[in-house]
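Same chain, two partners: chain A is paired with chain B first, then with chain C.
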Partner chain A sequence: METNIQNLLNILVGGITIWILCAGALLCLLIDALWPRKMSVPVYTIGILTLIVTLCSAWYQWLQPDLPAAQDLLVIDLHTLFFITLVVLVGILTILNALGYMQLHNDLTAEFCSLIIFSIIGMVFFFSSDHLLINFIGLETMSLSIYVLVGSHKKNFKSNEAAIKYFIIGGVASAIFLYGVAMFYGAYGTLKISELAMALPTQGLDYLPKTAVAFILTGIFFKLAVVPFHFWAPDVYEGAPSPVTGFMATGVKIASFGFAIRIFIGINVLDMPQIQNLLVVVVVATFIVGNLLAIVQDDVKRMLAYSSVSHAGFVLFGMLAGFREGRYEPFSSHTVMFYLLGYLLMTLGAFAILSLMIRKRSEATHYTDLEGLGHSKPLLAGLFTLFMFSMVGMPGTVGFAAKYSVISLAVQNGHIGLAILAVVMSIVSAFYYLRPSVTMFFKKGAGGCPVIQEIPFTSSASITFCAFTVIYLGLNPDAFIKLAKIAAF
Partner chain B sequence: MIPKDFIILIPLLPLLGFLINGSITYEQLRGRVCANKSMVSFVACLMPFLSFALGLWVLLTLALHPEIKSISTPHLLDWMILDHFHLTFGLEIDHLSSVMTLVVTGVGFLIHLYSVGYMHDDPHYSKYMSYLNLFLFFMLVLVVADSLVLLFVGWEGVGLCSYLLIGFWFTDKEKAKAGKKAFIVNRIGDFGFMIGIFLIVAAFAAAVPPDTGTEIARDFLSFSYLKTHAGVLTPIITAVTLCLFFGATGKSAQIPLYVWLPDAMAGPTPVSALIHAATMVTAGIYMVARLHFLFVMAPFTMHVVATVGLVTALLAAIIGLTQYDIKKVLAYSTVSQLGYMFLGLGVGAFSGAIFHVMTHAFFKACLFLGAGSVIHALHHEQDIRFMGGLVKKMPITAVTFLVCTLAIAGIPPLAGFFSKDEILFMTYANEHTRHYFWVGLFTAGVTAFYMMRLFVYAFTGKTRYEHPEKIHESPWTMTLPLIILAGLATVAGFLGMPGHSIIGGWLSHLGQITPHHIEGSALQEFHLMGISVGWAGFCALAAFFLYKRNLNFTEGLKRTFKTLYSFIYNKYKVDEIYDFLFVQPIKGFSQVFLNRFFDQKIVDGLMVNGLALSSRFLGRCLSLIQTGLAVHYLLFLLIGLCLVIWFIVNG
Partner chain C sequence: MDTYLPILIMFVIAGGFAGAFLLLSYLLGPKKPTDSKLSVYECGLNPVGSARERFSVKYYLVAILFIVFDIEVVFMYPWAVNYKNAIKDGHGAYMIAVMGVFFVMLVLGLFYEWRKGAMNWSNQA
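And then the complex of A and B:
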C-alpha cells in the first residue's frame, strides 16, 4: 500500500512537467471550446505561460540533488530534462512566431496552440521513455499533431497537399518503426531499452535484432529527414505555414535525436560496427545531397528545408563521432546536445523572420520577394544575415561553436576525412546561405511594396531573443557546453 | 588620500568626450541635429582639463608620499585567460608616467583650446574635436598602462588617430595619401614591436615548466613582473630590445622609418603640434624608458639606439637647413630632436631623455602653434619665402616664436638648453660614446642655425605676402596657449638644473647610469656647457645676421653644390629608394601573381566559380528525382529501408 502511494507520488512529482503541459493544453482547448474564436490571444498567452512554467519546473528538477527514482515508463534524468528544455524552448518560440504570423494572415486559430503543446508532450514521451512502446506512442502523438499543424492553413492548397503527403509517408514510416519494435520483442521478449541493453542475443536469431535495429533506425532517419529519407521534407516544409515549418525543422529533429541517443546507448550491447558504416554512408550522402540541393533552390523556405537536412547530417555526424571502438560513448552526446541548442536558436530566428514575409495575403518567400528588404528594413535584414552567418558557422556566432565542437570530437576520434568533408560542405553552404543577404542588400526591389511591412510584437520578441542568444552563445559557449556535458549521461 | 579609484578616469574622460562629440557628429551627418559649436568646444576642452587636474593630483600624491612608488588600479579586465598565460588589464601611474600624463593632458588641453580658434570655421568641427579627444584617450592608455599589451593597445590607437587626423581633409588626395603613408610606415614598426612582444612571451612560456607552472606568474607581461624577472630574457635580450626599438623608430620617426613624419604635416596644424611633435611621436621614447630595465641588459642595443638617434638628429637637421615650408622645417626639427632623445636613451640618460621630451613638448608645441597662427593669418600660406615682417602684425606670435626658437637652439636660460645639455653631457660622460658628443654638438649648432633662419625669414624684414593688410593677430584662444607654452618653455628648464636636478631626482627610479666614475664631473660639465652655449649662440647669431642682411645669400652655394643641395632638399631621396626597393616589387608581385594569377584564375575561376557551377549542375541532376509525387517518395522510402537492412545485416 505504502509503495503504491510512493509510486503515485513519484509519478506525480517526477512527471510534473508532463502534467503541467497536459493541463495547459487542455485548458487551451477548453477555453476555445467555450468561447469559440473569441479568446485567441488569451489562449496563446496561456500556452506560453504553460510552457514557461514547464521550463521552470524542469529547471527546478534539474537543481534537485536526487532525481526521482527511475520510473518504469518515464525516465526523468538530466538528459531528459535538457531535451525538455530544448523542445519547450522550441514551443515558446514557435508560439511567438505563430502569433505574429497569424495576426498578419488574419487567421488566428486557438487550437494551434494546444496542438503545439500536445506535440511537445509526444516529444517528451518519445525521448524520455525507457519502453519502446511508449516511445512509439510519443512519436505518434508528436506526429499526429504535426500532421494537423501542417494542414492548418485550411484554404491553402499547398498546405493541404503537404499535410496529406506527410500523413501518408509518415504513417508508413511509423509502421516501419513499430515493426522494428515488434521484432525486438520477438528477439528478447522485452521492450525496455535498459533491459535490452543487458540482454544477450538469442542464439540463432541473430538476424532478428539486426533487422529490428535497421527498422527502428529507418524510422528515426525518416523523422530526421536525412538522405535518402529526405524526399518528403522539402515539399512538406514548403507547404506548411512558416512557423510550423520551423517547429518541424527543430522540434521533431531534437526529439528524434534525444531518442536516438537513448537507443544508441541501448543497443551498444549488440556490438554492431555496421551501424558506424551505415552512419558514415548516411552522413556523407546527407552532406552532399542536402547542400547541393539547397544551392539550386529559388525559394528561401525550400532552401532552409534542405539546409535543415544538411544540419541533421551534421548532428548525425556528431553522433557518429561519438563512436569509439564500435560503441557509442554516452558522454560524447554533449556535442550533439549543444549543436541542437544552437541549431534551434538560429533556425527559429530565421523562421521568425520568414513568418513575417507576406504579400497579397499569402506567404512570399521567393528570392525575388526579398529584393530591397535591406533598404526598407535594414535591421531585420541584418538579423536574418546574422542567422545565416550562424548557419554557415562564422566565428562569433553559435553556429561556429556548435560546428567546432562536433568537428573537434570527430577529429579526436579519427574521422579526419569526414571532418574535412564537413568543413568543405560548410564552405559550400555559404554559397546559398549568403544569397538571401545578397538579394536583400544589393538588389533593388522592382518597386513593389516591401515584403515585410509590419512586425508584430511577439515576432520581434522571438527574433531578439534568438539573435541575442546566437551571439551570446557564440561568444561564450563554454557555460552551455558544460551544461550539456553534465546532462550527457 | 590616494586617488586610486580615480586613475581610471584619466583616460576615460577624454573617451567620454569622444563619445559625446562623436555621437553629435554622427547625428549631424544624418541631419538630425545641428551641432552647437560652443557645446562641442566646451566638452572637448573640459575633458583634457579634468584629466590634467587628476594627473596633477596623482603627481602631488606621489610627491608628498615618497614611500608610494606607484599608484595602480589593479586588474580592470580579464582579456585572455589561458593555462600559463593571463592577459589582464590594469592601470598604473608611477613617477615616469605621472610626468608623461601631465605633459600629454596639459599640452593636450592647450592645443584643444587653440583648436577652438583654429578650426572654428571647419564644417567638420565636431568630428575633429572628437578625434582629438580619442587621441588623448589612447595616448593616456599608452602612458598609464601597466602591461606591455595594454601599452600596445594605446600605441595602435594613437596610430589610428594619427591616421584619421593627418587625413582629416581627406578630399584632398595628397593629404589622404599622407595619412596612408603614416599608417603603413607605422605598421612596419609595429610589426617589429609585436615580434618583440612575441619573443618575450615565447621566452617566458619556455621558462614555465609545463607541469608545475608555479615559478612564473601568469601575467608576466606586466611591467612590474617584467622588471623583477627580466633575467629570464637574458639569452635573447638583444633580439627582443632590437625588435622593440624598431617599433619605436616607427612611432618616433627615426631612421629608417622617419619618412612619414614630414608628410604628416598635411594634417591641421594643431594636430601637427599635439600628435606629431609633442606627444605621440615621443611614445617610442616613453616605451624605451618604460622598458629601460630590458635595454640596459643589452649594451649592443643601447649602442644602436644611440647611433640611430645621433645619425637621425644630424641628417634631419641638415634637411631642415634647406626647407622652405614652415611646417616642414619644424617637422625635420622634430625628427632631429627625437634623435637627441634617443641619443640620450642610448647613453643611459633615461631621465634626461624624458626631460627633453617634456621641454620639447613645450617649445615644439609652441612653435607649431605659432606656425599655425601664421598660417591662419596668411590664409594657408606655408612658404616662408612669402612671409616676412610679421613681427609688427602679429607681435604675440612673433615673441613667443622667438622665445621657443631660442629654447630649441639651446640658449640659456631657456628650457631646451638644460635638457639638451644634459643629454650631451651624458653622451660625453659615457666613455663608449664620447666621440658622439662632438657630432651632437655640431648638430646643436645646425639646429640653432636653421631655426634662426626660419625666424628671420618668417618674422623680420619686409612683408612679402601679397595682401599685407589682411594679416591680423589671432584670437585669444590661439594666443593664450602660445603665451602659456612659451612661458613653460622659459621656466621648465630649471627643473633640470645641473647639480640639483629636480626631474632627475623624480625619475631616479629609471636608474640612470650616473657619471660618478668621471673625475671632476662638475667642472667638466661647466666646460662642456660653455662650449655648447658658445657654439649654439654663434650659429644662431650667424644665421640671424647672414639672413638679416640678405635672405638669398646662399644662392651661390646652392648653384655650386647643385646636386648635393637637391639631394638634401629631397630628403636624401629616401622615399624614392624605398619605393624602388620595397613598394614597387611588392606591388608587382601582388598585381601579377597574387591578383591576376592566384586570385582571378585559381580562387575565382577554379575554386569559386568552378565549385559553384559544378554544384549547381549536380544539384539540378539530383532535383530531377524530387518529383513531388507521394508514391515515388514511398518507393524511395522502401528502397532506403532495404539499403539500411542490407548495411546492418551484411555491412
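And then the complex of A and C:
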C-alpha cells in the first residue's frame, strides 16, 4: 500500500507539467463547449496562463537537486525539461500570434488554443518517453492536432489542400516510423530505449536494426522536412494560417530533434559509419537544395518554408558535428539545443509579423504585398529585417551565436568540408533573406492601402519579446549555452 | 462438467433471446409483402443505382464517435478482468484512480461533442 501511494505521488509530481497541460487543454475545450463562441478571449487567456504555469513548474523541477525517480514510460531529466521549456515557449508565442491573427481575420475560434496545447502534450510525450510506443503515440497526438490546425481556415482552398496533403504524407511518415519501431522489437524483443541501448552491440549492426534505424530516421526526416523529404513543406506552409505555419516550423522540429537526440545519441546508434554517411548526404542535400530553392520563391511564406528546411539541415549538421572520427563526443548536443532556441525566437518573430499581413480578409504574403511597408510601418519593417538578419547569422543576433556554436564544434571535431559548405550557404541565404527588406524599404507601393493596418496588442507583445531575446541572446549567449550544456546528452 | 455449465446457460440465454425476438417480430411486425421482399435471395440485391454516391459526412462523425466508445470498452474489459488480482495485491485504489482519470477524460469528450451538436442529425448545429 505504501509503495502504491508513493507510486501515485511519483506520477503526479514527476509528470506535473503534463498534468497541467492536460488540465488546461481540457478546461479550454469545456469552457468553449459550455458557452460557445462567447468566451474566446478568456479561453486564450487560460491557454496562455496554462503554458506559463507549465513553464514555471518545469523550471521548478529543473532547480530540484534530485529529479523525480524515472518512471517506466516517462523520463523527466534535464534534457526533457529543456525541451519542454522550448516547446512551451513556442506555444505561448504561437497563441499570442494567433490571437492577433484571428482578431484581424474576424474568426476567433477557441478550439485553436486547446489544439495547440494538445499538440504540445504530444510533443512532450514524443521526446520524453523511454518507450518507443509512447514516443509514437506522442508523435501522433502532435501530428493529429496539427493536421486540424493546418486546415483551420475552413473556407480557404489552400488551407484545405494543405491539410489533406499534410495528413496523407504525415500518415505515411508515421507508418514508416512505426514500421521501424516494429523492426526494433523484432530484433531485440524490447521497445524501451534504455534496454535497446544495452542490447545493441557496440559495432556491426545486423541488417534488421539497421533498417529499423533507417526507417525511424525517415519518419523523423519527414517531420523535419529535410531534403529529400521536404516536398510537402512549401505547399503546406503556404496553405496553413501563418501562426500555425510558425508553430509547425518550430514546435514540430524542436520535438523531433528532442526525440532524435534521445534515441540516436542516447543509444549510440549513430556510431555506425553507414548511418553517419547517410546523415552527411542528407545534410549536404538539405543545405544546397533548401537554400537554392528559397531564392526562387515569390511568396514570403514559401521562402520561409525553404528557409526552415535549410535550418533543419543546420541543426542536423549540429548533431553530426558532435562526432569526432566516428565516435560521439559526450555532451555535445548543446549546440543543437541552443540553435533550436535561437531558431524558434527568430522564426516566431518573423511569423508574428507575417500574421499581421492581411488584405481583403485573406493573407497577403507575396513579395509585392510588402512594397512600401518600410514607409508605412517603419518599426515593424525594421524588426522583420532584424529577424531576417538573425536568420542569415549577422553578428549581434542570436542567429550568429547559434551558427557559430555549431560551426566551431564542427571544426573542432574535424568536419572541415561541411563547415565550409555551411558558411557558403549562409552567405547564399543572405540574398533571399534580405529580399523582403529590400522590397519593404526601396520599393514604393503601387498605391492602395498598406498590407498592415492595425497591430493587435498580443502580436506586438510577442514581436517585442522575440526581438528583445534575439538581440539579448545574440549579445550574451554564454549563459544559455551553459544551461544547454548542463542538459546536453 | 460443472465448469461447462455456465457455457450451457449462455447458449440457452442467447438462443432464447434470438428466438424470442424472432417470434416477437413475427407476431408484432407489420406485414406488407412486396415483390422484392418475397423474391428468393441470391447473390445480393439488384443494384438500384451507382454505388459511388455521396454520403453525408455525418456518417463519418458517427463512425468516429463509435470508435471512441468501442475502444473504451475494449480497454475496460481486460481492466475489469485484472481488477480482482489487483485487489489481492493491494493495487485496488490505484487501478480505480487510473481508470477514473481515463473515464473522466472520455466523459468530458462526450460532453464536448454533445454541446457542439455532433449528435444532432438535423442540420442546425
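As a working rule, the second predicted complex is superposed on the first by the 473 of 489 C-alpha atoms of A that agree within 3 Å, B and C clash if a C-alpha of one lies under 4 Å from a C-alpha of the other, contacts with A are read in each partner's own complex, and residues count from 1 in each chain.
Here is the rule we go by: contacts are C-beta pairs under 8 Å (C-beta built on N, C-alpha and C of every residue); 3 or more make two chains touch, one makes a residue touch a chain.
Because the structure is predicted, anything quoted here is derived from the model rather than measured.
> In the superposed arrangement, does A:34 touch chain B (first), chain C (second), both or neither?
Only chain C is touched by A:34; chain B is not.
> For A:207, select first, second, both or neither according to whether it touches chain B, chain C, the two together, or no partner.
The answer is first: A:207 touches chain B but not chain C.
> Given the touch rule stated above, what does A:160 touch, chain B (first), chain C (second), both, or neither?
It touches nothing on chain B or chain C.
> Spot which of chain B and chain C makes contact with more residues of chain A, would you?
B
> For A:272, decide between first (touching chain B), second (touching chain C), both and neither.
Only chain B is touched by A:272; chain C is not.
> Looking at the overlay, what does A:169 touch: chain B (first), chain C (second), both, or neither?
In the superposed model, A:169 contacts chain B only, not chain C.
> For the complex, which residues does chain B have touching chain A?
Touch list, chain B to chain A: 611-612, 615-616, 618-620, 622-623, 625-626, 628, 630, 632-634, 636-637, 639-641, 643-645, 647-651.
> For a test of understanding, state which residues of chain A touch chain B in their complex under the given definition.
Touch residues, chain A against chain B: 164-165, 168-169, 172-173, 176, 207, 210-211, 213-215, 217-218, 221-222, 228-229, 231-232, 234-235, 272, 274-275, 277-278, 281, 289, 291-296, 428, 431.
> Which part of chain A faces chain C closely enough to touch in the complex?
On the chain A side, the touching residues are 1, 4, 7-8, 22, 26, 29-30, 33-34, 36.
> Considering the complex alone, what residue numbers of chain C touch chain A?
90-91, 93-94, 97, 105, 108, 111-112, 115-116
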